[in-house]
């Protein structure tokens, strides 16, 4: 009973935040609502027994996506002089769209309510968990049973980064990613930038290390590490790396490269991407370690953006 | 280690390794691409031989069978698309080696082009081999992000707008597809295509899922009315990128549609849905052709032509889907559409490469400026003409075989409307391709500036592609039999 | 007994949160709202964490609980100071006003 | 009254999808559309996760959880690229909308 | 005991709803951001209670990550209100900062 009340309240608050984020007039307000929405969704995931997802949502949905949106909004506002009207002003279109969205919602809800008896893969996963090399079932799926998805996904991140790098101005190519951040030494921001990284480093590494036994893993840990790096640079304690930097590029690709190499090596053990059960445990940990490094580097570079011309830095 | 595992590993990982290497070593792009072409082509050849001799290949990634793991499936259809992709990518990368050469210092466009192009290849191969709807989603996302990046690589205002427009359609398409996949998993506990075939019924969830997946993929294939993004995106990119975007990228989402409707959910295909898809295709065909007639830039003509040509790929649904699947004409219709997809990939890539070389020679692609270009670029214009023959569907090209098979099927099926549309498509293609060809062969204006020279070796690549499209028609028997290998369920009688 | 302690502490935490929110809603200007807020929610979270500290199974989780509270204080304190500077009347440049667009013009005026 | 968590969050997910769809179609500012895209995405994930938790005794199905994590990362990648494109486009076009949607120059097109 | 945790958590959700109202009203960007900060802290509280309720203390990691990343969003906000996003918010006015901008650090 009380659980239902909690769930119902949470659903309503989520819908309110999402409604303001999508319908609100003011763009900045919408972005703040989206950040709030990410926090709330993380709670919903806990209620659905998905701690791994909650971790990912807290780190990515509430954290990084919000940062990306805030930064983009600020930069666009400075560049786009007059902004276009925020919503379609033809009432007929708006009403038709609203009706269509309502019909689609009802259709999806109906489909959800009429789903047949659940036949999940909990049993299959549990049966094969011992041979997977991970004790956390989600990690077992991500790194072993469906490792090919994860491998491709780590490359999707790189594809997005390459796409962002194509947006650099030609004369800026090879330079430092993003804008230069300056802070006065001893300021609140600079102090904060000193205190947070050690804690964040600890948490990030812990999440990866603990990920094979309990919720956590390369993506969640990598995001935390990326956040640490971003804070350090925003606090002006470090400069963002040059996009032509060899060490940076090596860090970006090492995770996918090692994962791919392992996948190919698998054909000697029977099939593509086979992890021999006897070695799966440490192999997964090793892959997670390098993936974390690459994910952290890639995510941070996604946030920094393309290199900017020196005079603007 | 089996030969098939080695082949699949090469096809899947060589382009990805190449992309990562190119990302690491900025100025070695062309050399890395060459190594990738060799490795992937070797894997493709091995795979083709295995499929031809032993039939469809199945491989459980990591040794985990469905429903727990992801299954790779290489049948004739997959083999045909992989081989065509290898051929087309090889030619494109050969032409791209000059404009995107490494140089002394690293340049932005040259640096990003190579990893993006190789990632595009890797994503295509991953899609063509995957037998799992969620894995297909990840592959499709990789493909989409890379394609969007390639559209915007010139960094001009119009190309960025084109990339953004494409991105918006693609984002919506991905979400719809993902929604469908989520509903299917929730209902059936698997996203393996073979297992879904046994489980998908006509529950509300299945219908909503099928609608969402179809809508999402149609948006990514630029099916009318989701076509608005395509012409500016495909015409705004540099020619080698355009060739990939127009020749190969839309085929991937079409391929997933085929896998979905013919393999995962064949029983769900009611005649209404199939007619709708075919009808939208017919509309796209007419609409794209008419707009192509009105363009004054070569690349825009070619891009609108893609809208039209993709349109009649969708005739496969009414002719070979649903109740037609068990009919004797289905094999012909099915092969016809696949032939069309493959020959269009080669011909369209060839055309965009030709357009790129023409731009290199005269500095732009406005039609009047092309007058008499045949004297400066005889091989290029010849290749363009050959590719045009394929797009018009004239014998002996692969396009002709495709149309012949589909028309025969449409008469056999008692649906002559599609045959009429195919004839119309051919006539319209002839009309919109006539203008650039006629200009190319005309006498140049006296005062026209002399075109810049383009090396013969580079002109050879589009010619090879156009020839391949013709050869696909002349030697159609072997590929016809090949792409039938492992075809699900239906009658295998040909119509030849 | 332990449970009673937890109940009292979490209830007190909730009250502080409620007070903070009330201040956030009712106080007339940005600075006073800021002031009310940071104290209340940090104290509220601290009380809740304290209440739960007696329930955790092991020292590792206790350590996490302390770390969470410390982080929350640190983050809230730093951001409060930073945001306070932004909120200074002169702190909003013309840029920011343009960014918000004209739609909420009437909202901008203090109630 | 006992409503299962799965049911509530599943319906909430469906509503989020509809809300996001509306926002995605109605907005002209591209940043708002990217934001709506993210709302739709998390609605789909929530629906997926709720469906995976219909049997609380068996616990949440780990396979959808893994897929959702993959999906979240993919959505982040798409968002990052889209936003970077928007910023680059705004630098050249001085507008946060596609040319066909950009009516800021139109004097009749004021906001109510 | 778990009912009590849920009760307190529901109460926290209501305070979060109150904070949402302030995000909506503004009027300053700073108001909206501070209200979001309250949602973050309240969210951490809810997660602690959910962890105690379910006895699954691994949920504490989520609270940890949330607390860590809440700071990131706030810093990004503060940064985004200055110049092109790069400056120190504690420098007094945008004009001051603009003159420092060209100087090497």
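Read from first to last, the chains carry the letters A, B, C, D and E; within each, the first residue is number 1.
In the analysis below, a contact is a pair of C-beta atoms (placed from the backbone, for glycine too) under 8 Å apart; a residue touches a chain by one contact, two chains touch by 3 or more.
Please read all numbers here as calculations on a predicted model, not as lab measurements.
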| item | value |
| --- | --- |
| Smallest count of steps, each to a touching chain, taking chain A to chain B | 1 |
| Chains in simultaneous contact with chain A and chain E | C |
| Which of B-D and A-C has more C-beta contact pairs | B-D |
| Centre-of-Cα separation between chain D and chain B, whole angstrom | 29 |
| Whole-Å gap between the CA centroids of chain B and chain E | 46 |
| Between chain C and chain B, distance of the C-alpha-averaged centres to the nearest whole Å | 54 |
| CA centroid of chain A to CA centroid of chain D, Å | 14 |
| Residue list for chain B, restricted to those that touch at least two other chains | 68, 134, 138, 141, 145, 148-149, 152, 155, 160, 179, 183, 186 |
| Set of chain A residues in contact with two or more other chains | 3, 26-29, 47, 64, 71, 73-75, 78, 83, 86, 108, 112, 115, 118, 120-121, 125, 145-146, 149, 153, 156, 159-160, 163, 167, 188-189, 192, 196, 199, 203 |
| In chain C, residues with contacts to at least two other chains | 67, 71, 74, 78, 82, 95-96, 100, 103-104, 107 |
| Partner chain E, residues of chain A touching it in the complex | 2-3, 5-6, 9-10, 13, 16-17, 20, 24, 26, 28-29, 32-33, 35-36, 39-40, 42-43, 46-47, 51, 54-55, 58-59, 62-64, 66-67, 70-71, 73-75, 78, 179-184, 187-189, 192, 196, 199-200, 203, 207, 210, 214-216, 220, 223-224, 227, 230-231, 234-236, 312-313 |
| Chain A-touching residues of chain C, taken from the complex the two chains share | 67, 71, 74, 78, 81-82, 95-96, 98-101, 103-104, 107 |
| Of chain E, residues touching chain A in the complex | 3, 6-7, 9-10, 13-14, 16-17, 19-20, 23-24, 26, 29, 32-33, 35-36, 39-40, 43, 46-47, 50, 54, 56, 58-59, 61-62, 64-66, 68-73, 75-81, 84-91, 100-101, 105 |
| Complex contacts: residues of chain C adjacent to chain E | 3, 6-7, 10-11, 13-14, 17-18, 20-22, 24-25, 30, 33-34, 37, 41-42, 44-45, 48-49, 52, 55-57, 61, 64-65, 67-68, 71-72, 74-76, 78-80, 82-87, 90-93, 95-96, 100, 104, 107-111 |
| Residue ranges of chain A in contact with chain D within the complex | 1, 3-4, 7-8, 11, 14-15, 18-19, 21-23, 27, 30-31, 34, 37-38, 41, 44-45, 47-50, 52-53, 56-57, 60-61, 64-65, 68-69, 71-73, 75-76, 79-89, 93-94, 97-98, 100-102, 104-105, 108-109, 112-113, 115, 118, 120-123, 125, 137-138, 140-142, 145-146, 149-150, 153, 156-157, 159-161, 163-164, 167, 217, 219, 299, 302-303, 305-306 |
